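Below are two complexes that have subunit A in common, paired first with subunit B and then with subunit C.
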Partner chain A sequence: MPETVATGEADVGGISSPKGGVRRRPLATRGWRLKDQPAAWLLIAPVLVLFGISVVYPLIDTIRLSFFDIRGLAPAKYVGIGNYLTLFADPGFRGTLVTTLTFTLGTTAISVSLGWVLAMLCAFTPRTTLPFRVMIFTTFGISEAVSGYMWINILRPDSAGLLNTVIGVFAPGFSHAWLGDPNTALWALIFVASWSGVGLPLMLCLAAVQSIPRSVLEAAYMDGARPAAIMRHIMMPLSMPGVRVAIFINLLGALRAFDIIYVMTGGGPVRATETVGYFMYRESMTQFKLGYGAAATVVLLVAVLVISIPAIIQRTAGAR
Partner chain B sequence: MIGRTPWWSVTIVAVVGCIWIIPVVGIVLTSIRPPSEVALGWWRLDEFTITFDAWARVWGQFPLAQAFWFTALLAGLATAGTMLLTPAAAYAFHFLKFPFRRLMLILIINAFVLPQQVVIIPLFQLWRDLKMIDNIGAVLIPYVGLSFAWSIFLVKNFLEDFPKELIEAARIDGCSAISTLRHVVLPNATTPIFAVGILQFLWTWNALLLPMLYLRSNVPLPVLLTKMSGTYESNWDLQSVAAIVTTIVPLLMFLVFQRYFAAGAQTRSGAKE
Partner chain C sequence: MTRNRSLLPPIRRRTVLAGAALALLTSVAPTALAQDISGELVIMQWQGGTDLEMWHEVEAAFIEMHPGVTVREFVPAGGQGDARGGMRTAIMGGEVVDIIINTWPAFRVELMTAGILRPIEEQWETFGWSEQLGDSWKELGSIDGVPYGVTYTYGDRSGIWYKTEHMEKAGIAEPPKTWDEFLASFEKLKAAGYGTPVAIPAKYWAHAEWFESLLLRTAGVDFAAQLARHEVPWTDPKVKEALMKFAEMLEAGCCGDVSVMLANDLDQSYAQIFRADEANYLLIGMWTNSTLKNDYGLTEGEDYSLFQFPALGMGFDDTSSVDTKELNATTNGANPAAADAFLDFIIGPEASDIMARYGYASPSSAMDQSLLGPAQQIATEAVANSKVQFVLGDLLPGDLVDEYRVQLQRFLQDPSEANIDTVLAAIEAKAAVSY
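And then the complex of A and B:
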């Protein structure tokens, strides 16, 4: 076994080649992996088995099932792309697509922009704002089921609902069933999802800003830049990597949203809050149309893969 | 930071922070005040009595204690599984050579984009055929299997900065691949392993969809909470207690280990902390 360790040693001379000469890449970064196949397979075998059962098999099987008509326990019938034709001819599903788009973009826009603005404000006084940051970030650590319950409490249409009471101060007698009205239910959900989602962009953007070297900020200050100028010309552009990550994570999270919808509205009223991720659950697990639900899942999967292309390319290139 | 602090920036953050925790204050107050007092709103102070009546009654009316221990068991087992298997695989992927290594690695670390909706139909059929519905394996297997997508990425990222000289030294001293893992890599990689464990614990404790579909008789807390709100109309005090019990453990862990979430991206350099 030691022979595999030594592969990189012979090339040390290549690094210190004279100026102008072709500087060969030190082999130490390439052929140094240990060759011990039995140990390797032993170590990854459990991972491969569990990953195979819970990711690879479901992925392939979902795609396969989407070409079948399966209702409950009846034998499956091959229908080709029939499920997809039915899906896109179904006005209910088309409405679901619009809902998904609204929910995903709305949640991402609100939580990332608000988180970013808060991060910029916190950047000036990281210490003083720490307790308030913890308050905002805390909501990210609350189970979605519980967040949903908390907000049902706030949005209650009866006199114990805080939101109606607050509005009632300005408009006496005001009462609105926020979750019972198809026009407001989706926006209520978007707000609640943003409420719990804002902490992550806040933390990511603040981390990006705080990693700016102090000397850069000091130089700007010595040159007479005021806080607004420092924010505009240094912090904003340098926080963009954090923003990009936050946007991606939020899009991904909103597309797969299930818990918050299930707890707060159950997809209703009149399916006004049903996203694709919820549609597939209802069709497959409550209507037992497994093939139809699988087709909807594939549509969701395509959407997820499309927005993940940059992340996948990056990870694949980085996988050495 | 630098220069004079604009006072309004702190004010805005403070106002948002206070608004953000109102719902939390809401359920805490609802849970410790008698229902008659909060009928017109938990924020009203005309009369203010604190009672732990709901906290005492809820255990008898709902299987909350049972669900609590069951959730702890599920989350504990899933966390142990992930913490045990992930470092071994990450080590193999990073330090050992075997066929299809890179292909398998790419497949695993990119699976993090998959929504859990992809899993539910095939596994529902599989568990039904294997008579595994209502068996804790039906949720533990996907809990652990799905976690590899991000956990292996996290630990392997950490190992990229791990000094190779240590590995080589161990090999020259006669360590086998597995004892190198045990005696050299694991003791120096506790930070990412614990980070993985905490994330996995939070995720499995809060999981709703998979246990709701695959478990019947014994359900974890989030599922019980959704069932409670469906059964009776006016038990806001009991539901609030259940909501607090559901989220208190992950919330405390989250607050204590915040730095793992906030600083996770920055602290992945350095072999030890």
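And then the complex of A and C:
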């Protein structure tokens, strides 16, 4: 029996020749067939075209726009890296970088740590805590604009504000304009964004905990470990993959935050809550300086890439 | 192929005939065209609330007059009260409209410079618009003497709204006429249980209204116009003087906690005064009349009214800040005849009367003045007797107006003389690179 050569083609269509070696013949005996690689490209072509139109083209065009000075409907003027130089010399933009960093780290830290702790607690009695988890996850499904309007009413400075009313029960006469005070406006936004985002870390961390083999937990019980010890030495370390994904998703979401800021504070008071995302909108849409706004977009894109590329590499490595 | 070729000549003949017919039609006087207009009229429309209700009524009346015309509205994406971003996006995206509703003189210039606006000098003569609109209104919608806009409504921006019940409770028989009377009324209102005599919604832009009226009253319309064009610096002592007057008002205890001002937008200030009875005065535009009548269900002249900005006695008390809305016709609109007819209609008696019923004043002499309510009549009379200046914020370049509003927020946080200097220096620094 002649030895067949294990090639890709032989796998799919090669048959043994009486003269030895391989006589290659397509599987289909009629019509024509594509080789594997062209066929693969053909199959992914629709996705590539869509990706090109919806992602690659806007991305390239945004980068192109960032090299132009465009003001309103006036003709565009090429300025090279002028917009970037202006951007980093602009104290307003530098302020938005600090605000963005505070907002991003604040919301990620609060929502992920809260979600993680809740997941640990829920993991002990998953069935009875189901309605509770559904309620928390629902906040993740509410549009940020809607939750923003709801929180404006909760945080409003007059007697109709729910938060002031509740605090007023314990401290009569208490009143504070949470969104009007530059010292509290950003933290109010961080709190609201964290409230809105805690559902996802909860679900991700719980899923990670629930994937811990039952035998590990049973062995711990058999060895006499108490619930606190099981949580600390087994559940917490083994839920880390879920925490990492939650951190990654929250960081990206918070970096690009816009809706909740637009609705609740409009970047104010005195730009205290203006993030890069809102700055980008203000420059591009209200002042219609499209080139300058595009430069801010590219800076934000770089920040997103800096965070996401290591995470993607790590996830891909894990998949191998 | 052969069949196609044989079909071509008849099509061409028809095209030539249609072209000839069109040429014949366009040679007819515009008045004749206005009578036989038809087709779709596209209007770039960005208003909301009762403004929109009023506008729909105006459109319906136009269609009734010209049954052959259908009106389609193109509504650009909006954003916190400034529709220009959405309008620019739509125009750059190739949206073709016949008419643009505009309230920003600087935007008119931008549109004209980009070749989007059609001059309407010829139509002004043919339709005889000078009979309805005085020269000053024509000038207001012109660029370098060429008219591009037909102003169809205007509003007093130096009128202070109040709830009559509050004044009665505070024992204020008549609205304050002078600055001193105005400042003195704060104590009376506070004694009557109102904690915040003046509501200043400073979240976005409305806090600038006080500065703009004060600037007119301390330095006059000519100076304000020069400042808008940056022919004088923001660090000029006259600008500082206006802010010092503003500081005087804040120090007199007008407005309560600055954080509350910075947290509140206009809707919250309306509610503060006209629903919660927590504040008393509000300096804001004439659309308030429509809001209070239609949204709050209050009766003009009975439940609420307005008084003109108090006299400062500095030689410029005959000045008022105003805003307007105008219609601009486009160069690429598909139905210029219908657009011209609509421009003519908007300053006619039917449209003016609809606006008056909604609480808006038209500059057209065709408007029946008796339809205006008591508050609107006070404002109309005040504007008629004033030297007017367009709202300063709408005349400034985009990035400057943003800085201007933020710096005025900083002023509210600290109205000291030292901070006034800092604030004005910051605006001037931005102005230096904005023109």
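As a convention for this text, the second predicted complex is superposed on the first by the 261 of 320 C-alpha atoms of A that agree within 3 Å, B and C clash if a C-alpha of one lies under 4 Å from a C-alpha of the other, contacts with A are read in each partner's own complex, and residues count from 1 in each chain.
Definition applied: contacts are C-beta pairs under 8 Å (C-beta built on N, C-alpha and C of every residue); 3 or more make two chains touch, one makes a residue touch a chain.
Given the structure is predicted, the values throughout are model-derived calculations rather than measurements.
By the touch criterion stated above, A:M285 is placed in contact with subunit B and with subunit C alike. Of the two partner chains placed around the shared chain by superposition, subunit B and subunit C are both touched by A:A160. Of the two partner chains, subunit C is the only one touched by A:P269; subunit B is not.
Residue contacts after overlaying the shared chain place A:I312 against subunit B, while subunit C stays out of touching range. When the two complexes are overlaid on their common chain A, residue A:A74 makes contact with subunit C while staying clear of subunit B.
Here subunit B and subunit C are compared by how many residues of subunit A each touches, and B touches more. According to the touch criterion, the shared surface of subunit A, contacted by subunit B in one complex and subunit C in the other, consists of residues 159-160, 262, 284-285. Residues of subunit B that touch subunit A in their complex: 1-6, 9-10, 12-14, 16-18, 20-24, 26-27, 30, 38-43, 85-86, 88-89, 91-93, 95-99, 101-102, 104-111, 113-126, 141-142, 144-146, 148-149, 152-153, 164, 167-168, 171-172, 176-178, 181, 202, 205-206, 208-209, 213, 222, 225-226, 229, 236, 239-240, 243, 246-247, 250-251, 253-255, 258, 261-263, 265-266.
Per the touch definition, subunit A reaches subunit C in the complex via residues 71-74, 156-160, 175-182, 262, 265-266, 268-271, 282-289. Across the interface of their complex, subunit B is touched by residues 1-2, 4-5, 28, 32-37, 39-44, 46-48, 50-59, 61-62, 65, 114, 118, 121-126, 128-129, 131-147, 149-154, 159-162, 165, 195, 198, 203-204, 206-207, 211, 217-218, 220-221, 226-227, 230, 252, 255-256, 258-259, 262-263, 277, 280-281, 284-285, 290, 293-294, 297, 300-301, 304-305, 308, 311-312, 315-316, 319-320 of subunit A.
Within the complex formed with subunit A, the subunit C residues making contact are 79-80, 82, 84-86, 88-89, 91-92, 110-111, 113-114, 116, 202-204, 257-264, 268, 272, 276, 278, 398-399, 402, 406, 409-410, 413.
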